[in-house]
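Below are the C-alpha cells for one structure; questions will follow.
To keep things simple, chains are lettered A, B, C and D as they appear, and every chain counts its residues starting from 1.
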Amino acid sequence: VHRPPLYVAVIGSSEATPEQIAAAEAIGRGLAEASAVLVCGGGAGVMAAACRGACSAGGQTVGILAGDDRRAANEWVGIALPTGLGELRNGLIVRAADAAIAVGGAYGTLSEVALALATSVPVVGLGTWEIEGVRAVPTPQAAVAGALELARGRTGG
Amino acid sequence: VHRPPLYVAVIGSSEATPEQIAAAEAIGRGLAEASAVLVCGGGAGVMAAACRGACSAGGQTVGILAGDDRRAANEWVGIALPTGLGELRNGLIVRAADAAIAVGGAYGTLSEVALALATSVPVVGLGTWEIEGVRAVPTPQAAVAGALELARGRTGG
Amino acid sequence: VHRPPLYVAVIGSSEATPEQIAAAEAIGRGLAEASAVLVCGGGAGVMAAACRGACSAGGQTVGILAGDDRRAANEWVGIALPTGLGELRNGLIVRAADAAIAVGGAYGTLSEVALALATSVPVVGLGTWEIEGVRAVPTPQAAVAGALELARGRTGG
Amino acid sequence: VHRPPLYVAVIGSSEATPEQIAAAEAIGRGLAEASAVLVCGGGAGVMAAACRGACSAGGQTVGILAGDDRRAANEWVGIALPTGLGELRNGLIVRAADAAIAVGGAYGTLSEVALALATSVPVVGLGTWEIEGVRAVPTPQAAVAGALELARGRTGG
C-alpha cells in the first residue's frame, strides 16, 4: 500500500559551528534516504546544511521562510514558501512536522522546540537546549532514527 | 542558467461545478507543463482538480491546509502542510505565490483575490469575482499563460 | 446582569474622502455610545476617524497593527497591538469582531469583508464593495444600528 | 507631556500553584499601579490571577486568546481578542509587549520566553525556566520593577 511520507523538521541556527553543519548535513541525508520530507526555515547554517544533505540523496526539502522574498531561501530548498511572518513562522514549521530534530540553536530554535512540545510534536535533540521532553541523541544517525520512530508513532504510520 | 520555478496559486472553492472542475484540471496540467509549482489550499473541488491535473503532467503541488491534520489534503497534494490557521491560511497561500488564478469561488476565494491584490500579487480570473484588478480570461489555457506572464513580470524572471 | 461588550470592527482605507471620514467618525461615536468596543487596523483615514469618534464619546478602541511598531497607531487608539503580520493581520481584526462595518475601502478592506463573510461574521457596508452578503446601509446611524443588531444575533447577546 | 502606556506581557501556565497565583496577582496589581497595560493569553491560572490583580487596581488587561470564542477569556480580561491560532498566538502576545514577565510555566510559556528573546523583547522571570537572557527576580515587586525598567529602555520611554 501507498503510505504518505513523514515530514520531519530540522531546526537550528543560521549561524552554526562546523560540527553542527556536518551533523545537519548527515541528518538531511538520512531523512532523504528514508524518504522523509525535510521541513525547515529555509535559511543558512543548520537549515542549509540539512537541505544540502537531503538534496545529495534526492530528498524533498521545504523552506518556510521568515521573510517575503523567495530568493532568501538557501539554494537546496526545493519548495520555498515566503511567509512574511518573521519569527512567528516558527510555529508553522512545527505545525507542518510529524517530528522535529534540533541541532544546536539559539532562541529561535528554542521557540520551535517549545512550540513542538506544547503541541505534542516529538523532538529529538543533538547538542541543543536541554529541555525536559526532548530526547537527546548522540549522533546524526540516532537523530534520524529517533525522529522517524517518533513521527511514525504520532501519525500511526 | 538555472532559473527557479514560478509558483502559481490556484484558488477556488471546495464545492465546484463540473465546468470549474474541468477548468481547474486543465489549469493544473498547464502549470505543470510549464514547470511551475502549484500552490493551493489543499482541499477538495477546484483545489483537488488542479492538483490532479498537475500530477497528471508530473508537476509539483503544495497544499497549505486550513486544519492541523495532514490527512485532510486531497490525494494529489505532493507537499501537504497543515497550519491550523483556518481561513487565515488564505493569506499564506497568497504570500507563497508569484501569481494567482481564481476559478469560480466563494468568500474564501474572494479573500484570497483581495489579499493578492492588496499585496501586489497579480490575479487572473476564470469565471470568478469581477473585481477591478483581476485579469479576466476566457479559457484555462489563457489563465495559465496570463498567470505565468504576470508571475514572470513580478519576479523579473 | 453584567453583559460583556460587543466588539465591532470598523474597516476601511487609510486614504479616505471627507465624506468617508465624517461617516467613520459618526460610526465610532455611535459605537461608543452603545458601549461597544471598536476594533480596527489602527491606521489612518477611516480607522483614525472612527477611533476619534469613539474617543469623543468615551469609548474603547483597539488597533491591531500591521507593523511591529506601536507608534504607528493613530493617536485615538486606546489599546495598540503591533503584530508584524502585514496584511495578514486583517484576518485577526475579523476574528476579534462580532460584526464589521465597512466604509469605502480598497483591497485590504475587501479582504476583511471576504474573510468576515467566510467566517460568518456579519458585515454592514456604507458606500463599500457591493458583495452579496454585505448589508448595505444608507447612513452611519444605520450602520451602527445594523452592526449591533447583527452582533447581538451572532453572540446571542 | 502625554506618554503612551507601557505594555507588559504576563506569561505563565493555566495550571498554577497557589504561590504562582499569589505572585501573578501581585504582579498584575503592580503593573496596574504603574499604569501599564497587561497583555496575556487570557486564560486561567497565572493569566487569570494577573488580570484579577490588575483589575483590583483599576488597570487595563488584554487577552489574546488561543481559541475563537471570546467567552473563553477569564472574567478579568478587559479586552478579549479571539484569534483561533492556538499556540501560534503566543507569538502575538510577545509582539504586543514591550517586556514580559514569566511566572512558572510549561512549554507554552517557554515558547513565549524564547520568542521574546528571539525578537529582543526583554524577559523577567519569577520561578520560571532558567534560560540565559531571562533576568531572574526574587519577588513580584522586583518582577514589576524590572519589567518596567526594561520596557522603558526598549521603547525609549
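Definition applied: a residue touches a chain if its C-beta (ideal position, glycine included) is under 8 Å from a C-beta of that chain, and two chains touch if they have at least 3 such contacts.
Computed from a prediction, not measured in an experiment: that's the story for all the values here.
**Student:** Validating interface symmetry: for the copies chain C and chain D, is the fraction of residue numbers used by both over half? Same or different.
**Tutor:** same
**Student:** Hey, which pair has more contacts between C-betas, A-C or B-C?
**Tutor:** More C-beta contacts join the chains of B-C.
**Student:** Could you work out how far the Cα centre of chain B sits from that of chain C, in whole Å?
**Tutor:** Using C-alpha averages as centres, the distance is 30 Å.
**Student:** Report the inter-chain centroid distance for chain C and chain D in whole angstrom, where each centroid is the mean of the CA atoms.
**Tutor:** One centre to the other, that is 27 Å.
**Student:** Would you kindly tell me how far, in whole Å, the mean C-alpha position of chain C lies from that of chain A?
**Tutor:** Their C-alpha centroids are separated by 40 Å.
**Student:** Any chance you could list the residues of chain C touching two or more other chains?
**Tutor:** Counting only residues that touch two or more other chains, chain C contributes 68, 84, 86, 88, 92, 95.
**Student:** Note which residues of chain C are touching chain D in the complex, please.
**Tutor:** 4, 7, 37, 39, 60, 62, 64, 68, 70-71, 79-84, 92, 95-96, 98, 155
**Student:** For the complex, give me every residue of chain C touching chain A.
**Tutor:** Residues 68, 84-86, 88.
**Student:** For chain B, which residues are in contact with chain C within the complex?
**Tutor:** 86-88, 90-92, 95, 106-108, 110-111, 113-115, 117-119, 131, 133
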